[in-house]
Amino acid sequence: RYAQAQTSEPIKLGFECHRTGIGASYGRWYERVANAAVKIINDEGGINGRPVQLIVEDDGTDPKRGAEVVEKFATQHKVDAVFGTLFSHVVVGAAPRAGELKMPYLVVSEGTHVSSGSLNRYCFQPGITDVRSQVTSMAPWITKNLGKKVTMIFPDYAFGYDHRDNLPPAIKAQGGQVVEMIAVPPTETSFTRYLPRIPTDTDVLYHIMVGPAVLTFVTELGQFYGSQRPAIFGFIDSVEAVNLATPQLGFLDGTYFWEGMPRYAQKDQSQWDKLYRAAVGVDDNGASKADPKDISTYAHMYGVWETLFTIKQAMQSAGYAGPKDKAKFIEALEAIEKFDEGRDHPQGDKIFNGKNHQAYGHQNISKVNGARMDVVHRTSIEDGMYEVKADYTKMSL
Amino acid sequence: MAFGPFLLLATLEGLLQAAVLTLTALGLSLVFGVMRVVNVAHGEFYMLGAVFAWWVASMFGMHPAVGFFVALIVSPIIVGAIAFASERLILKRLNYDPESTIVATIGMLYIIQQTTLLTYGPDARPVPAPFYYRIQLPWFGYSGYNLFVIVAAIVMLVAVWFVLSRTRLGLIMRATQFDRETAQAFGIPIERVYAFVFAAGAMLAAIAAVLIVPIRQAHYLMGLDPLLLSFIVVILGGLGSLRGTVVAALLIGLSDGIISVFFSPTLAKMISTLLVALVLVFKPEGLFGAKAR
Amino acid sequence: MASVTLLRTKGLSRQFGGLKAVNDVNFAIREGEIRALIGPNGAGKTTFVSLLSGRIAPSAGSIEFLGNDITARPAHKRVRDGIAYTFQITSIYPMLSVFDNVALSAQSALQRSPGAKPAVIAAKAKEALEHVGLSDRLRDRAGTMSYGHQRLLEVAMGLALEPKLLILDEPTQGLSDGEIENFCRLVKEISRSATVLLIEHNMPVVMKLADTITVLNHGEILAEGSPENIRANAAVQAAYLGTG
Amino acid sequence: MTASRTMRVIALHVAVLAALFLVQFVLPDYHYLAMTRVMVLAIYAMGYNMLFGYTGLLSLGHAMFFAAGLYGAGMTAYYTDLGVPLAFLIGICCGALLSLIIGLVALRTTGVAFMIVTMMFGQVAYLTITYFTDYTRGEEGLTMPASARNFDFLGLHVDLTNAVLRYNLALALLAITLFVILILVRGPMGRVLIAIRENEPRTLMLGFDTFRTKLGALVVSGTISAMAGAAYGLLFAYIGASFASIQYSIEALLFTLLGGAGTVLGPLLGSILMFYMIDIASEYTAAYLLVTGVALVLLVLFFPKGILGTIRERWLPWLP
Amino acid sequence: MLEISDLDVYHGSSQTLKGMSLTLGKGEVLCLLGRNGAGKTTTLRAIMGLARAQRGSVRLDGAEISTLPAHEVPRRGIGYVPQGRRLFSELTVRENLEIGLMTRRSPRRVLDEALALFPRLQERLGQVSGTLSGGEQQMLATARALCIDPSVILLDEPTEGLMPSMIATIRDVIVTLRDHGKAIVLVEQRVEAVLSVADRVCFVENGRAQATMPVQDLRDDPSLLSRYVGVG
């Protein structure tokens, strides 16, 4: 199958995976997606006629280990590129080492660290839209449909800051107002006592939580409010990998969530979503086909898939033959302008900005209807555009 | 929300945390007090308690209450058995040397935690509460189950207090902690006492975990927080003082909740941690400790 | 020289809860003497010397050493001033070698004259061990020695401090008769360069060594005088000696 | 004691350093980078050992000293243009100052209370970093700007992205630390530290100011840890709050206990072992910490005093 | 009733007991004399199972007890007063005594008898034992051992640190116990104290019983003393 290649040496891709630590739920699914995508790539003849070999290293969701893992990929496994990292602090911790080791580092983290230009030329985020763009595109719909006075609850942690920094201006731009910002320390396991801080005149409660305590958060919100509650809008991160059919979550019925890619197969499900679901082994409810109790991180993990196909695309257009072509590979990535919806990009079409290395795509807003979610609105790409100041291409390679 | 209700809520939450913390800390205190073993794996016994509760509850899926109460009995027993075995296999052979046992219990921590990750997985999983009852107060709603946890913890506490201060077992345990050799010379089978104490300590943590798991979910990393807090409570309360443990747990439970009425959460945590640390600095023997050891 | 007062207490008291362990004690010791402090168990002897050494703080009263008020001086400074204390309950470094135990004392003594070489410390330590007859056990771990030998080590540590006032709290406890004899000789020798305050229950030793005896009872001084006087004192016989 | 013994000790340490110097010519790339990192962490552990191994004070908040160096140096390099050498010095000073303050307060306690109090101060330090997220970016952290990767020092151009330079810088710092500690623990202070560990009341009654000695040990220990932190931040270009978390305090404890508390080389050995144990095990299983756990338990069963500690006890009593 | 033969005990690589042998009959006081470090305490610890014998046997009424776990030994009726008292220092006097009672489920009567011997303790039942004076602690240690209602009592330097009148009390107690038919092993440093209570004397040297003789022999020939323990 790899007949036309000068060499059948595999292309090695380092997958930096949160197998353990607080990111483990995501890591597990990221790994499944990566395996599925690589299988397809290899079945179709690999990249430039060479098979792709996936090398997985666990970073323990820890920035120090993350940096070590990047070093290990670069110098021991001698991979051609590294991808996959989710948690912001791990990305930020490992990025400098990737830059210095001249190792292409493609993350799937949503964070604004890539798009804001604070990392380096070797860091890319082609598979998933950054939080700033997500938030910007949500704001108009929120203010128009749910209310103008917004209270936000977010983790006092990197991921939360992207929301904290970007939501208020976006809401304000729509004539709304963020009336209270409640930062919850990342170590918190119980939230009830933060809830009274929510002003009574709040129209919309905007919540975003990560980590294992998310379910507690939602449950306690339910206990607190009962049936009289403001409109609630959340980022799906709060219930990623969590079964919506859990009795405690009944309270979420009628609330809204941002989803990168809709967990429940929609009526107008695209053929690409169908194909992608089948390849990864996810059923129509977003759970593992093997175990319906094993819920995926569906709204995010597509980013891994799209990143892998982006790598393939760029390597092919660069005629990538080995590590000496890394610069060409980077430039090829930067030269990408858009992705079309299709098998390689099942979430939808995207614009890619080669200057700040960030992709911009459509976002979904879904409503919880009796333990499933249905998309009620899909934003346009333009909704999420903002002025890009960063320019990595000015940095040397 | 007005200040009063806010305070009420913070207090309720503080009581809940204090209740669970007291039970967990009591287990640690027992092990530390009697065996002089700093059991770093204590939090993992707590975690195991929650995980086994999930496991039992999902096996007895007929009614949440059935699953829960079976778990309340079965889970601590399994955890106790695991603790018992590890005491026999590891700690005993180390002769309870303080430094070695720290390393060994860190090792146990990893073993338990990672085995859970391999088998149970990285997700947080809920256990249904035995009953669902929401108390609607004029300002907010509150879970009736939370109040049940507080009461259950108090009942457990009284039971432990009775055993420690009113029974022979308690006397034996207190004697053992001062002088192992002399205790043996008076017919106390210290090996059995130690294994029992270690298992009992773990079981207390497991009970606390089963009580809390309908509110907090079982997760393989959930052990760290209770471990650290328990240590603080045990030392702050004064070693071996049951009353101290309760008071310290209340203090810890209530302080950052109430302080967070006035400050932002992270700042509140900073201030309350600092305050508690300073209490210890100026009263190193703990609030109710006899004297510094 | 013999008449110079080395240490004096005025109204020294210490209470434990309601118990007056040491009660209004006025006490003075002259330079160069061997003073014995005796009294029933629980009379407050250990408490009294703990006050002198600064291990515990008095509830009232003052302590004067070489004319200076040292009541508020921390314990370790008193040691440097020259008040050394050997514990009634053996307190050594069980995991360290016998030599290191004593070397620590020697090092402390030499803090007063800085710039001491390790060789000097070693020499002083060995000399002190020689005195108590442990010089053949330098390398042994202190904790593995028998109780009696640990007591001797304790004394050696006191010696190596080169104190002006050496307080010995029941030093012959646990020593066999043979060792006691050596010990008496040792104390005599020490007394040539230092003042000794000796707490003892072993009456023959007290009678043989002491220049003056102070008897403590219920935290108060019951009697003070020469060995002969004390032996003849009816109150002392009743309170302490039993028969006499 | 004797001159020959001193020679033997010096020879051993010089040999270890020489070996570390020489292996750089044969180490494969990855291990080259890894060893650089391990050496910096070993410095941290050695600082820790100064307090725990020799003085017997178990601190669970040492990450705060590491973080003081990390942030002191890192924030200086990130926000000012004072230059890297000055930033490094500032990092060390931050650690020294912090350890002095913490020492004055925390040393009023002993034993487990000390352990808990330091842990809580450590938590406060961690929370402080996350509280000032506007400057620190909290958990996410900051990466060093390009200006902090290249600088001129004494007329030399230093490029911190150069792996060879980094390795040898780390080694130099390690060597300095090693000899400072060696001199301290073999000198009169070392003996007093050990005496405090073994029996503090007695040491006080031997006329030593135990509080001041402990404070000294804590400051030395904190400063060394801060130096490791400062070096870490500057060499690897990242500072983040997770370095101040309790896990990193426990890590130092673990390195020390594994290698042998109260031995000069123990923490170095412990750091190397622990790193490779995790690194190798993680290639085979996601549950590499399970392997680590089993290894720890086995180690402690057969080497109860840590590796070097047990070797010293059984075979080489002269080991410092 | 107690028979020890050929005990070897090691501490690490050094041998502390080298073939120690003793016998003790009912109602007899056997006194161990010897220099510091001779192995007297170790002998008692070996009887109690606290020091493990590599070789040799300890028989109580003919039954082997050296292989029992340490906590079984007191349950067979051997009471131990350790050197240095070793009380449960944070427990009260009463609790210390209760620990003794617990061992053999002894009746209350035993406690009353023990307290009758030491009226001083009666007054201080509620005090934390660590704060007792040295002499009081020694009484408590002895009383605690009596609480297990032993048939054999091992006393390791019970008069250490006691005032003369108290030494006399302890001596009287030992005599009383003997008269009650208890067998007693007494380790003592003070020869005069020994002479007045012992039936037989055993000189311990270098980990073995060098010579055992009726106390009368010692009274008759004080030079024996200097021969075995170096006292003139």
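In order of appearance the chains are A, B, C, D and E, and numbering begins at 1 in each one.
Methods note: contacts are C-beta pairs under 8 Å (C-beta built on N, C-alpha and C of every residue); 3 or more make two chains touch, one makes a residue touch a chain.
Keep in mind that this is a model prediction, so the values were computed, not measured.
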From subunit B, how many touching-chain steps at minimum until you land on subunit C? 2
Tally the contacting C-beta pairs at the B-E interface and at the C-E interface, and name the larger one. C-E
Please identify which chain has its centre, taken as the mean of its CA atoms, farthest from the centre of subunit E. A
Would you identify the chain whose Cα-based centre sits farthest away from the centre of subunit C? A
Intercentroid distance (Cα basis), subunit E paired with subunit A, Å: 76
Centroid from C-alpha atoms only, then distance subunit C to subunit D, rounded to Å. What do you get? 43
Centre distance in Å when subunit B and subunit D are each reduced to the mean of their C-alpha atoms: 32
Give the residues of subunit B touching no fewer than two other chains, as numbers and ranges. 114, 117, 264, 266, 269
Of all residues in subunit D, which are in touch with two or more distinct other chains? 127, 130, 286-289
What's the complete list of touching chain pairs for this entry? A-B, A-D, B-D, B-E, C-D, C-E
Subunit E touches which residues of subunit C in the complex? 16, 38-43, 46, 88-90, 144-149, 152, 170, 173-179, 181, 201, 203, 240-243
List of subunit A residues in touch with subunit B within their complex: 20-22, 24-25, 27-28, 156, 182-185, 187-190, 192-198, 200, 212-216, 219, 223-226, 241-242, 246-248, 294-295
Residue numbers of subunit B touching subunit E in their complex, please. 168, 171-172, 174-175, 178-179, 181-191, 240, 290
Can you tell me which positions in subunit C touch subunit D when the two form their complex? 53, 55, 74-80, 85, 87, 91-96, 100, 103-105, 107-109, 111, 118, 122, 157, 161
Sort out for me which residues of subunit D touch subunit C in the complex. 1, 188, 191-192, 194-195, 198-199, 201-210
